[in-house]
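What follows is a structure written as structure tokens; I'll ask about it next.
Should a chain be cited, it is by its letter among A, B, C, D, E, F, G, H, I and J, assigned in written order, with residues numbered from 1 in that chain.
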């Protein structure tokens, strides 16, 4: 996949009907999804891991679709803040769950070039929607489970 | 045990009378139970660890019965969300404790096949019933104890 | 010490007057006490670590007495739930502190025998009395300090 | 860069217009920024890591600017408490976000000289402004995310 | 320094005017201070690490003075509960900050002698004064920062 | 499986024809096989991990047969030295490879009973046959590969 | 990529002319290549990591071609011994280096099914050709470098 | 056991006939034996771990006897060099194996007192007899196995 | 520093006379030097760590000059094999030591793009000259010391 | 102790007669000695750990004297190569053992200043005398034991 291949992809092709009715209303998390994207300001890559959680409302999505959605948006020119938000917004839109949370931790190569040679710096962004935004306990539970492994 | 052997098993045979009256009302946890199951969508395996906690009401269950119950349901065609829920529901039903909590973390082989090669991704599901659902402190204590080792 | 030597021991002999008046009212913890005991159901051993905390009321106990008390009760036929409770109850009784908390994590050999070969499973039990039961902050502080090392 | 080069630097030259309007209002963190500075009392160095977080208000700053600002203030004679505060104050002033949090952990060489040879001691300072000061949940989320990697 | 040298030391000689007016009101922590002391009951040593935090009120103390104060009290016959308290009380008295917190974790050689050979047991004591006592959030922040490295 | 079930098992039933002609003459290792056995002297359990390596001569064995052979001999009354040797001897006999190496590391519960409470002690035994015995480089390569993960 | 897609692939298409003349005769290693394959005996997956090293003779291969070659052979029905050998043989053939070494460590799901539930067992296979076979020092250097990270 | 109790103990009482004829000639190791002893120069304790290995000649010793022998000599006034040697000499004498190796790593409290406050310093001593002294490969194998866990 | 700035740099400007006569003939190593460079084939970055060792012949070089030399060559279009060799050759030429060894471990972003998404793969290259090439013991000592931290 | 206090110290005052006749001819190691010194070129500090080993010839030295000797030479203006050599030479001279080995690993603050901001770089120097120089096995054993903890 090239770094800009994500523009040509369609979210519904990716999901491919893998949304199922299921009597499950507890948080589902896929964590440690490897991600590599390209910063639109300097055209240098940033790579890291994304963690995605959602609380279903009647419907669940095939587990492998969550990393695919992350992959689609990472294959575009990005800033990390926006990539995080686009993944969360898209899941909210296509699945209409009670809430979505996305956290991304990554290393930016622009931090190791001319001037600020900060090799170990890590950038963390997050986006919480629905019940993750309104309910502190839900958000805390997500952060605890993501950090516990 | 084959991947579908769990269908032929009976929960009461597994428990085999190992439920005892005991004056104990504090949380009991068995964590890091190795689990391997088969995803019903792609018939590819997922493997990981399950953590089970409950708060007794007059009666406790033999400790080795908790992993046995998990084993029984894992030997069926599953999705991880449902496996987590069936283990919790069954303990609630046969032991009638004040509450039950089940968390499962696993790797799905469907995440490393064609298209999304996400080798390090981990899926976390949970199901909390009774006092774990209604009482935040109980749920937090469970998550802290499960994560502390 | 044999596995049943604890029956013949007397708590006051063990304490041996090592209770002192001290103007100290903050939590005292002894953690990572190695414990080995014998399960009364299968007569197979379980081994692990116990963590004991208490908040004094005018009097403190010699630090080495806490593992001795744990040792005494572990040298009897036990179930882990009861062992945890007996240690907590005894400290409550002999020292009359504001509260006592005991957590035990252990591996049970009955989990690696015929049928459920779960080698990595760990069982956690706890018992909280007095201010640890009534005050969430005290209990959280204990769990944080026990988990922080 | 010499240890005092930071005096000759201008914050607006460093930022160099890298402040962008972006519809993003979630916390952004850059953690594990390597820092070395010079203690103004003993002229001995202290080295460690700084973690910076902020919650945007309409505008975000180029990610690599955060370590550059930290770098500028570290290249002056400092005490760790003041360095932490100057970085936080400056980001508050130039970006006017909803809040800023800065935590710094470092080893001071003055702790290993004559008298107190405490080689392993680590000094932690922090400064929280705006929503990080007024909102406990925001501050906790920052501390959790900074500690989770 | 001998094990009893701390009796002959004067707190004001140690501080040696290193208290400065500084416009800083955020928590300052020095953690992982190596400590060795002598138990007054059995005259056997205990060794470990002390963590000290305080919230300034107009005045800060030179960072290297905190381990020096800890050192002074450790060079006396002690019990760990009292050592923890004396360090906290002294900082409260000489600096008059908004609050002080001291946590000490150590191994006691009396735990590995005759009868209770508990080599891995660790004793934790703490003393919180002022805002650390009255404000749960301040105490939690201290415990989180001390445990996060 | 009970602790003595191994007496009734037949090695050829276990192997069940899973020996294949294969043009492969490089070392094959299965490491970290969980083992639990019963010491014939004190009838107390010992548990740990076994590592098995062999260099084929024209024929390879199904990989899952190696842990099965280990399992068979562990389900008898044993001493660790003999268990290690029996596994090696059996593989040598049924497969007639160029050589076999077996290393076992385990904890013995008899080390935590009366008199010598050595909770952390680990017992290591090994048995090398054929090319592993005569050729130092083969043995070193085995030890390096077993220790490298 | 499906589990059998490797049959339809051609090695020269994969290499795609990425073999370059370069005056370099030192060992080149690509380690920790994620691999997932399907065991031809039980049609259950095995997943793990492959490490590939070679010593060039006048010509080097594009670094990303080494994992691609591993990928091609893993997407066929395999046994781990043969997969390891095919990757080594192919590199030897297409690049004609002084030597090739391949080590693979993986978990086999057939080890966690009926009868031998050995969840933690890891299978290691290796294949060394050319100077890695004839020269102990070359092989040792490879094993040291592969194990050192 | 008091620090000088070892003087009154007799080696044959400790061994108590637990020497068995066994057809086993491979190295047997008991590692990570917790030891605490008293330095005869300063009467301050040193604590650490001892590793003992031997190669049998017709006879093996009960595994728990090795830590008991170590215990006996540690309960005397010692220097670490001599303690290491006495344990090795005694095993050589009572068991007459092909060789014995003893390594001890420990922390000396005399290193944290007046003048040299080196809290992290670790002292390592060793004694090798018989085949461990004359045969480099045997000694290397011992050091590799002791270091591999 | 830009990714191509290294072309304009002169080795003698960098060394700036920091070569000193010193009676020292033992190996000197600087390990874990952070490096970021640009692959000349795909113009994508690779980042990692370089380890440099040399055995002096009458003259030593200022320690900080070794990472500076590595930095100069990394700021050019490179392949990892050549970068490793150029650093070794240059030190050999300017310092004329008894020998030089350079090892580099890095992640290549070209491994995470289209087709082979191998996020965890690490590429290791090395170059040994002089006594490191002719003397196995010198090379082993270097590899041991580089791997030991 | 100030950074130059080592000039005024006399080696025989430090040793203070703590050289004893002892029938011990095996290697003695004190590792992980914290060291801080001042680079004579830039007057910036370097800090790290020193490991010292020697093989006695009839006489042993009090264990705490080894770190004291290291301390004395570190409290002078130094370069790391010379500091390592002076410690080795001095022990050789005062104790006349069969051999001495000294390894030092440290971080140099001159590596984090202007131009080469290499925060993670570690410098390793060593000096081996007597049997450590002439006998490879002795040197290897030292490196293995120093690296094994």
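Convention: a residue touches a chain if its C-beta (ideal position, glycine included) is under 8 Å from a C-beta of that chain, and two chains touch if they have at least 3 such contacts.
Quick caveat: nothing in here was measured; it's all calculated off a predicted structure.
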{"item": "Same-interface partner of A-I, chosen from the options D-J, A-D or F-G, over half of the pairs matching", "value": "D-J"}
{"item": "Fitting subunit B to subunit F on CA atoms, where both chains share a sequence, rotation angle to nearest 5 degrees", "value": "180"}
{"item": "Between A-D and D-J, the pair joined by more C-beta contacts", "value": "A-D"}
{"item": "Between subunit G and subunit I, centroid-to-centroid distance (C-alpha), Å", "value": "27"}
{"item": "Whole-Å separation of chain centres (CA-atom averages), subunit G against subunit H", "value": "43"}
{"item": "Multi-partner residues of subunit C (each touching 2 or more other chains)", "value": "34, 115, 117, 119-120, 140, 146-147"}
{"item": "Subunit D residues touching subunit A - in the complex, by the definition given at the top", "value": "18, 22, 24, 26-34, 49, 60, 62-64, 67-68, 71, 137, 140-141, 144-149"}
{"item": "Partner subunit J, residues of subunit H touching it in the complex", "value": "41, 79-82, 84-85, 103, 105, 108, 110-111, 115-116, 118-128, 136, 139-140, 143, 146-147"}
{"item": "Residue ranges of subunit E in contact with subunit H within the complex", "value": "1-3, 5, 34, 36, 44-45, 47, 109, 112-115, 117, 119"}
{"item": "Subunit H-facing residues of subunit D, complex", "value": "117, 119-120"}
